[in-house]
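Going in written order, the chains are labelled A, B, C and D, and every chain counts its residues from 1.
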Amino acid sequence: MDILYKIFIDPFVQMGTAPDLLVQTLWDGLVAGVLYALIALGFVLIFKASGVFNFAQGIMVVFAALTLVGLHEHGVPAFVALGLTVLVMLVLAVGVERLMLRPLVNQSSIILFMATFGLTYFLIGAGQIVFGGSPKVMIASDLFLPSGAIEFKGLGGFVSLQKIDIAAVIIASVMVGVLAVFFQRTRIGRALRAVADSHQAALSVGISLEQIWVIVWFAAGVVAIATGILWGARSEVSFALQIIALKALPVLVLGGLTSIPGAIVGGLIIGIGEKLGEFYWGPLLGGGIENWLAYVIALGVLVFRPQGLFGEKIIERI
Amino acid sequence: MRLKHLALGLAVVTAAPAAAATAQAADGLYVPLFTYRTGPYAGSGIPVSNGLADYLNMLNARDGGIGGVPIIVDECETGYDTKKGVECYDSVKGKNPVIINPFSTGITLQLIPKAAVDKVPILSMAYGLSASADGNLFPWIFNPPDTYWDGAAAFIRHAADVEGGFDKLKGKTIGLVHLDAPYGREPIPLLQALAKDYGFTLKLYPVPGAQMQNQTALWLDVRRDRPDWIYLQGWGAMNPTAIKEAAKIGFPMNRLVGVWWSGSDDDARPAGAAAKGYSSLDINAVGSNFPAIQDIIKYVVDKGKSQVASKDKVGENFYDRGVMMAVLSAEAIRTAQKLTGKKQVTGEDVRRGLESLNITAAGWKALGLEGFAGPIHLSCADHNGHDAVALVQWDGTKWEKQPGMIEPIKDKVLPLIQSAAEDYVKANAGWPKRTEACDKSS
Amino acid sequence: MLYREVGQYKTSYAADMAIFPILQDRIGLAAILLIAFVVIPLVGHDFLLNTVMIPFLIFTLAAIGLNLLTGYTGLLSLGTGGFMGVGAYACLKLTTIFPHVNIVIWVLASGLFSAAVGVLFGLPSLRIKGFYLAVATLAAQFFLEWCFIRIPWLYNYSVSGAIEVPLRTLMGIPVTGPTATSLTRYLIVLSIVVVMTWVASNLVHGRIGRTWMAVRDMDLAAELVGIRLLRAKLLAFAVSSFYCGVAGAMMVFLWYGGAEAEVFAIDQSFLVLFMVIIGGLGTLTGSFFGAALIYILPIVLREIPAALGLPVHPSTVEQLTFVIVGVLIIVFLALEPNGLARLWQIGKQKLRVWPFPY
Amino acid sequence: MRAPSSREVRLGEALLAVENVSLAFGGVRALTDVSFDIRKGEIRAIIGPNGAGKTSMLNVINGFYPPNTGRITFKGEARTTMRPYAAALGGIARTFQNLALFRGMTTLDNIMAGRALKMHRGFFWQLIRHGPALREEVEHRRRVEEIIDFLEIAAIRKVQVGRLPYGLQKRVELGRALAMEPDLLLLDEPMAGMNLEEKEDMSRFILDVNQQYGTTIALIEHDMGVVMDLSDRVVVLDYGRKIADATPDEVKCDKNVIRAYLGEPHGISA
């Protein structure tokens, strides 16, 4: 009986009696969700246009953040460093296209997936040779990212919104919006969607596949920079940051591998769901459950919708 | 092409260790160092690895080794990965190592059963298996100066001191924020025992490895439970994230205390001023204001023989931690040389040396490290010392040592060690009985 | 001219269906077994046995296990580490509860437990496919990891939270625990791997293997010829997890001699998957090649500078190893996306027609 | 109702009856109220212009799509839905317009896979692959070799089918279906994309199967010549509706059929 009370009643009693904590949990879930969505977005961009499940997205986040901070350490002004980092990601995108994707064109998706593991290894090694393994502090204030918090009294306590989190939500939303517009309204965006639908079709309207690949990898690189700055500001910039990319996987599955809105909604569901789960139900299991909870949420959705919430319906023709 | 490659590889793998083994055994003291400067935990690994290697290299450059015999410093990169650690062990054990620093609790656990068989003493300084402090059951394992249980007990004593006595702990809530891995879970049994004895409530806040940098929900739990004190047993990127999150929920920083592995400069620096007041247990002094460390700069760093990124990293808390590991290793070898009267000592000799290790305050001074750490005195039965620990506090930019030392609560820790050691032996059926004789001096 | 099948006529279907129909292949296999069972034990030192051969064989077994699932049945799984862990913890519990039963039996029996867990987490595979399934298996991975840390019963309430391996003997010779020599452990691992490879090869060359490959190549058509998809997929999950479980148990009991839950983390899953892909999906020989390349190559690379006497710092070597392995993965994939086993076959084909180019 | 066909005499009772079947995907109606039957031993053709719903009809028969309304009686048993596995178990085999071979497997393995339902040796015998398991394997191999000989594909026995030319792949697929020893064989455009010679070969195989093994066959085909030569009776679909159901000769003159085919007159004049 007691256990049933703890599962079905107690959490809701808590939500009622301490609404400030509920609001705080929802807010933190929202922030986490937006940040997950940002990582997931990097995956979706590449998957949509090239069918490559890019495992290297996580290390690209680390690489981008380290480049930014590393350049700044060498005396480059913050915004110049940011510009140079964007350039580095462009070079990386071109390099990936020339040296990795081109020789592997027309291979099955699992082979390309494997190749991105190779890329991950390469970037881990190269990144450590160039930047060393020491953690670095994100140059948040030099990039005019706010610090400190806004506190609201009330609801029987207080709700504290970190300014950096607010900034993260805004930046992530703007990026998502820009990408959505880019995909829907611009010529290149439409071309990207054409590639997603059919490589043949894209070729027939005169779009070079190589260019498309460079563009999506570059876009994913830019997303990686934003991710790196925001996550880095929340903790530190180190190679441990790549682990965080694994959080994007349940988000992707939930939202569907090919859907930008899916990545966002999936991110929010996972973010808010796991924070609520950990906060209200986690203590029953001794805590630390949010790591697999995200996957279980995703798995539950998949059983009913095997293509994710927003994924293109898998039509099996024969 | 591939076949040739494989053949070459096989040849290298088969030949290399054997060749090296014969070459190196004769003309020096072979001290392999398992270090890591790569991987997700490199942040904590780099400064310690640098201190460890630099001190031994300094002895070679300044004194020509120990007792005139050069030290062969051989680093093996583990990446904090147990698999590679075991690989390192297998590749060095044929070269007659005199002492091994595994520098990872996971690797230490692997080596504990092997050490007795291969006759190599293991120095796991302030990490590893708490129970291995029992010299009767673990003659080859040494973990001075404190176990994690001593650390947790010292933290409780510190909390009691601040609150105004152990009786004031009654009814208080104490939280443990820990890495959800054996290392992080280590203090739990002791804290549970103390909670019963002193009447405080223990709350556990586990951080899974994959969530190291994503601790928001956990700190919301902290905010709900409002513990009076929090003890932090974290590693790598978990520490700076925890400190930042603590600041975020407005947890009073002077009530947040970390174990000595949560006290790296890189742990507190990302939070900067917000971490002011955060304190960490410590077993070594901070800074480069010691003759021996100046010697390191002179003989090693300035000569470009060190891996440190810049000179100001020398003297950071974890750098000095590495130096301390090196000092204990070197002094154990020196003691072994004295005990046996030979210069070229073996692993078995150094084991005796460790059991007779005695560095007094004067001893530290003689080493050019006055006040660097408390006296270290090991014995046949006690491989740890359970010494008093220091407390350092972050002032917003650097660590400040707090006055006084904190004694662990020995009468609570020792029985627990005793029973844990016995449990270990029971679980490892066929554990060899100690046959090694005790030296008079130990 | 040595490698020829000309003149080797098959007089029965049974002979034609043999796994190594060509005489030279059978001689080669015998030679490899001779080297493995006789030569290596005679010349091998601890480093070769304990650091190279034992892990290589254990990873090969895990790779074969995953290959049955991913290569033969086409189900991508990232839960290998978790399934290996189930085997290891099951073995610990079995030998704790029944200490007098031979440990080798428990190592094999522990596979049954991971098979059961594998079936449980394989259930969604009926509806979920491709990368979606891969991520679903991650749920298994992370949940199992959490269990290994959080359920103290699994590690016998040991204070360190790690598996502690007790001494067990086989006919009076220590097999597990610190006093077991690497030679004993090597021979046991080798025997298990050889027998299980033989069994795997029987499976994939018979009715069940065809069933799996049919599901992989076109599951709708497979159903149409009367293959029950769920049953075939679950059988693949069960057999695959069995192999992984045995590999996990051997890893802890016959290689590490004690382990933290961390060794069964997600990295392990990825590592085994690399081996399968690089070696060649859907080939058993590929699993051997893959394990050799992914596991042994970095060891070789790490030893090269020291062997040549180059003054390179070990951490730099480690970083360079990452770079080189990364590049090699991409190069190998570009050269032969079907894996090393395919390269091997092409090599044999060349040999068959040698000295003529075609 | 129907004029007696020349071969009516040897045709038995209805093996399969489709009654009032309708099928829609979203708003698109693929089949509307279609009824016809297939009698034991006959060769039944289903024709119609592109998009007429022919393949959908086959998919309904062997259970890929459950019909929205209507029912199907097979061997006297009526049903509305059935899994493809159950269809296979009941004795329905099938080939596909765009091939559904196991591309990574050899010709031999593909056809052996067709024996899946007939092989019963359990898992533990399979582990050691000796004794009963091996005997069973050999026995079925013998049966499969007969099919290989019959289809004249002995030379490609051990070639991965993904590397075979299209015409041969079609043959292997037919072989796989034959290995199931079906009562009803559904062929979806068995001659699409073949040259004249290949078509002749394939026609011969189909007739032989029908005559030697007495297998009932339903086939979709565009080539009217082939349809006329092979089939006993023809169903014509257009926009998902049945517009004719008669002997080949009658269908050729049916004005509804001619109207339906007007867009592609070559189809009927061939």
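One rule holds in what follows: contacts are C-beta pairs under 8 Å (C-beta built on N, C-alpha and C of every residue); 3 or more make two chains touch, one makes a residue touch a chain.
From a predicted model like this one, the values you see are computed outputs, not experimental measurements.
Least step count on the touch graph, subunit B to subunit C: 1. When every chain is represented by the mean of its C-alpha atoms, the one lying closest to the mean of all protein C-alpha atoms is C. When every chain is reduced to the mean of its CA atoms, the largest separation from subunit A belongs to D.
A separation of 73 Å divides the Cα centre of subunit B from that of subunit D. Subunit A and subunit B have centres, each the mean of its CA atoms, that are 36 Å apart. For the pair subunit A and subunit D, the distance between C-alpha centroids works out to 49 Å.
Inter-chain spacing, taken between the CA centroids of subunit A and subunit C, is 33 Å. Touching of two or more other chains is recorded for residues 128, 133, 246, 286, 288, 291, 318 of subunit A. Subunit C has residues 142, 145-146, 150, 220-221, 266, 315, 319, 322 in contact with two or more other chains. Of all residues in subunit B, those that touch two or more other chains are 37-38, 180, 208-210. In the complex of the two chains, the subunit A residues touching subunit B come out as 18, 21, 24-25, 28, 31-32, 128, 132-135, 137-138, 149, 160, 162, 231, 234-236, 238-244, 246-247, 274-275, 278-279, 282-283, 286-288, 290-291. If you check the complex, the residues on subunit C that touch subunit D are 12-14, 17, 199, 202-203, 205-208, 210-211, 213-214, 216-218, 220-229, 235, 282.
Of all residues in subunit A, those touching subunit C in their complex are 53, 99-100, 103-104, 107-111, 113-115, 117-126, 128-129, 133, 246, 249-250, 252-253, 257, 285-286, 288-289, 291-292, 295-296, 298-299, 302-303, 306-308, 314, 316, 318. The residues of subunit B lying in touch with subunit A in their complex are 37-43, 45-46, 180, 204-214, 216-218, 220-221, 223-224, 236-237, 240-241, 244, 248-250, 266, 269-270, 272, 309. Those residues of subunit D that touch subunit C in the shared complex are 62, 64, 83-85, 87-89, 93-94, 96, 100-105, 109, 112-114, 116-117, 119, 121, 123, 126-129, 133-134, 136-138, 141-142, 145, 176, 180.
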